[in-house]
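Think of it as A, B and C in the order they're written, each chain with its own count starting at 1.
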Amino acid sequence: MSALAVEAIDISKRFGARWAISRLSFSLAQGRSLLLTGHNGSGKTTLLRIISTAAFPTAGTLKVLGFDSKKERDSLRPSVALVSHASFHYEDLTAAQNLLLSAKFLGVKDPASSVKELLERMGLSSRADSAVRQFSAGMRKRLAIARLLMKAPKVALLDEPFGELDPAGSLQMEQLIRDLQAQGTSVVLATHLIEQGLSLTQERLHLEGGRKVSPT
Amino acid sequence: MTPKISLLTAAWLVLKKDWQIEWRTRARLTALIFFSGATLLLFSFAMGPDVTSLRAHAHGYLWLGLLFASVLSLGESFRIESENQALTGLVLTPVEPRAIFIGKVLGNASMLFALSLVLLPITIGLYDVDLTRVPHLLLLVLFLGTLGISAPGTVYSAISANARARDVMLPLLLFPVLVPLLLAAASATKLTFQPDPQDQLGSWLKLLIAFDLIYLSVGFLVFPKIAEED
Amino acid sequence: MPASIPLLLLLALAVMVVVHVVVPKTRPILWKVSAALGLVMLGLLMYLGMFYAPPEAFMSNVGRILYVHVPYIWMAFIAFLMNVGCAFAYLMKKSWVTDALAESSAEVGVLFGAVGVAMGSIWARPTWGVWWDWDPRLISTTVMLLSYVGYLALRSFTEDPERRATWSAAVGILSGVSLPITYYSVRWWNSLHQVQSSTASVDKTMGSVLLWGLVTLLCFLFPFIVKRYEIARARQTAAMELPPLEAPRPEAA
C-alpha cells in the first residue's frame, strides 16, 4: 500500500453558524492527483485551505503526508503549497521582491538567481521590477505559481489555476502541472473546467453544500 | 522539522520587508507626518495663543499627537498584511509567528520613532520648547515610548485588522492599556523639556522600560495564537 | 483586616464555580443557596452599615456608602482576575468552558464595576465637592472598566466562535497584565489623595462591617457569573452541533 498524500477522516468546518464542509472523508494516494469540482460556495476553496493548513477542521482529523494537519502543522508546512484567489503577495513590493522574500524565508540557496530563473519561466521577467499593484489578474496568478514552484512542495493545491489566464497561459499551466506530477507531486486541483481537469487527474471529488456526492 | 533560518534572521527579513514597503510608498509616511503635525497645530488653536501655557503642556500634546498617529500607523501596518492575506502567506511559507511579531513590532516602532523625530522641530516652532537640555535622554524617552506603543499595538492591530468595525476596535482596545505608558512617557518628556528638581526622570524611565519588557514578552507569547487560526 | 482577604474571596468564588461546572447535581441548588444567603446578609448589612457601625470620622454618615461601594469594586476586580485566569487557561488548552467563563466573568465584572464607580462618584460629590476627581483608584478602576468594555465589544463584533475565543483570550491577558501597571503608575503619578481605603485604615467595627459587605456581594457575584455562564454555554452548544451525517433530503414532490 502506498503512503497517502491526503487522508480526511470525517472532517467538518464551520464558519460562524454555517457548515462549509460537512462530514467529509476521502483519501488520496501519494503521487496521484485529485480533481475537486462543485458549484461556487460548495466548499472547494475551504477544503484546499484546510489541506494547506491555512485553516483547520472544526471536527474530524485531516492527515497530509501522514502529518496531522493541526497538531503537526510545523512539520507539514514545508511540504504543501497553495495557490488561491488570495495571492499572498504584498501589493507594494515588486514581483522580484515578493519572490526574493519567499526564497529567503525558505532558505533557498542562491535566492537571487532562482528568482530570476522562475520569473523567466513564468514569463514575468520584463515586469520583474513593477509593483504587484500594477499587475493584471493573470500576471498575479503566474507570480503565485512561481512562488509555489520555489517551494517545490510534495502536495500542490491549485484553486482555479486556469482562471484569468489567456489560452497560451492555460496551456503552459497544463504543462506545469504535468511537470509537477512527473516529479511525484500530488496535485489537488479545483476548477470549473471539468474536461481540462479530468485530463490532468486520476481521481475526482465532487462537493455539494460541503458534502461529498457523486457527480451527476 | 526545524525551520531552515533562525528566528532572528526571519524577524530581520520581516522588518526589512516593512521598511521596503514604507520606502516604496513614501506617501504614507508623509501623510502621517502631516496628520500629526496638524494635530499639534490644532492643540495650540484649542488651547489659545498663550505661549507660556502651551510650552508648559507641550509634552502632553506631543504624546497625544503620537498616540493618535499610532492608531493610523498600526492599522496600516496590518492592512498591508491582510491585503491578499499576506500574513497567512507568511505563516504558510512557513515563517515562525514569533519572528513575525518581532519584525512587526520593530517595524511599527521604527516608524513611530521616525515620526517623533520629525515632530520635534514642530514642537519647537509651535510651543517654543527647549530640546537642548538633555537631548540624549529625550531621544531615549521617545524610543522607549514608541516601542511601548508598538508592543501591545502590534497584537491589537493584528486582531482588529480582521474584526468588524476595525477602525473603532483598535483604539478601544489599545488606549486603556496605554494609559501607564502615556503617563510615563509624557512625564519623562516633560522633565527633559523643563528642569527636573526632584530628579524623577530616572524613575519614569524605569517604568517605561518595565512597560516595554512586559508587553514585549506577553506579545511574544500571545501573538502566535492570533497570527493563524487555531 | 489581613491582606489575604481578597485572595480568600477569589479562592472561594473559584471553588464554587468549579463545583458548579464539574458536579452537575449542584447546578440547580448552589446558586439559589448563594443568592438566598446573599439576600439575608444584605438585609443585615443594611442594619449594620446604617446603625451599628460608627459614623466615619471625616465624612460622617455619607461615608456609610463605603460598605457597598468598596465591595462592588472588589467584586469587579475578582471577576476580572477570574477572567485573566480563564483567558490563560484557554490559551494553554482550548476549552469552551473556560471561554464561556471568561465571557461571563468579564460581563459581570463590568456590571459590578460600573455600579461601584457610580457609587464612588456619588460619594465623591459631598466629600470632595466634585463628581469626578483625579483619584488614582477612581482613574485606574475606570481605565480597567474601559478595557473590559473593549473586550466585550470585540467579543460581540466577532462572529466565528473559535476566533472570538482565541482573540478575546489574548485581549483578556493583555488587559489583565495592564491592571496592576495602570494602578501603580496612576498612583505614582498623582499621590495627592489618601491611600487606599482598604480595611486596614479603618477602625475595627467598620472593618468587620466591610468584610460582611464583601461576603454579601460575593454571594451575589457567584449566581450572576454562573447564570451568565450557562447562557454562554447554551449559545455555544446551539452553534456547535455537528451537521448530520446525511445531507437533509429535499421533500419528495
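FYI, a contact is a pair of C-beta atoms (placed from the backbone, for glycine too) under 8 Å apart; a residue touches a chain by one contact, two chains touch by 3 or more.
In this text, all values refer to a predicted model and were calculated from it rather than measured experimentally.
Colleague: Please indicate the chain closest to the centre of the assembly, with centres calculated from CA atoms only.
Modeller: Chain nearest the centroid of all protein C-alpha atoms: B.
Colleague: Please flag the chain sitting at the greatest distance from subunit A, going by CA centroids.
Modeller: Measuring from the centre of subunit A, the most distant chain centre belongs to C.
Colleague: Give the chain pair, either B-C or A-C, that is connected by more C-beta contacts.
Modeller: By number of C-beta pairs in contact, B-C is the larger.
Colleague: Averaging over Cα atoms per chain, report the distance between subunit A and subunit B in Å.
Modeller: Each chain reduced to its C-alpha mean, subunit A and subunit B end up 37 Å apart.
Colleague: How many angstrom lie between the centres of subunit A and subunit C, each centre taken as the mean Cα position?
Modeller: Chain centroid spacing, subunit A to subunit C, equals 48 Å.
Colleague: Could you work out how far the Cα centre of subunit B sits from that of subunit C, in whole Å?
Modeller: Their C-alpha centroids are separated by 32 Å.
Colleague: Touching at least two other chains at once: which residues of subunit B meet that condition?
Modeller: Counting only residues that touch two or more other chains, subunit B contributes 229-230.
Colleague: So which bits of subunit C are touching at least two other chains?
Modeller: Within subunit C, residues 159, 162 contact more than one other chain.
Colleague: Under the stated contact criterion, what part of subunit B meets subunit A in this complex?
Modeller: Residues in contact with subunit A: 1, 3-5, 10, 13, 17, 20-21, 24-25, 80, 83-86, 88-95, 228-230.
Colleague: Of all residues in subunit A, which touch subunit C in the complex?
Modeller: 12, 14-17, 19, 22-23, 58-59, 208-211, 213
Colleague: Going by the contact rule set out above, which residues of subunit C touch subunit A in the complex?
Modeller: Its residues touching subunit A are 159-162, 239-240, 242-245, 247.
Colleague: Of all residues in subunit C, which touch subunit B in the complex?
Modeller: 91, 94, 139, 143-144, 146-147, 149-151, 153-154, 157-159, 162-163, 166-167, 169-171, 173-175, 177-178, 181-182, 184-186, 188-189
Colleague: Under the stated contact criterion, what part of subunit A meets subunit B in this complex?
Modeller: 52-56, 74-75, 77-78, 80-82, 86-93, 97, 101-102, 104-107, 131, 151
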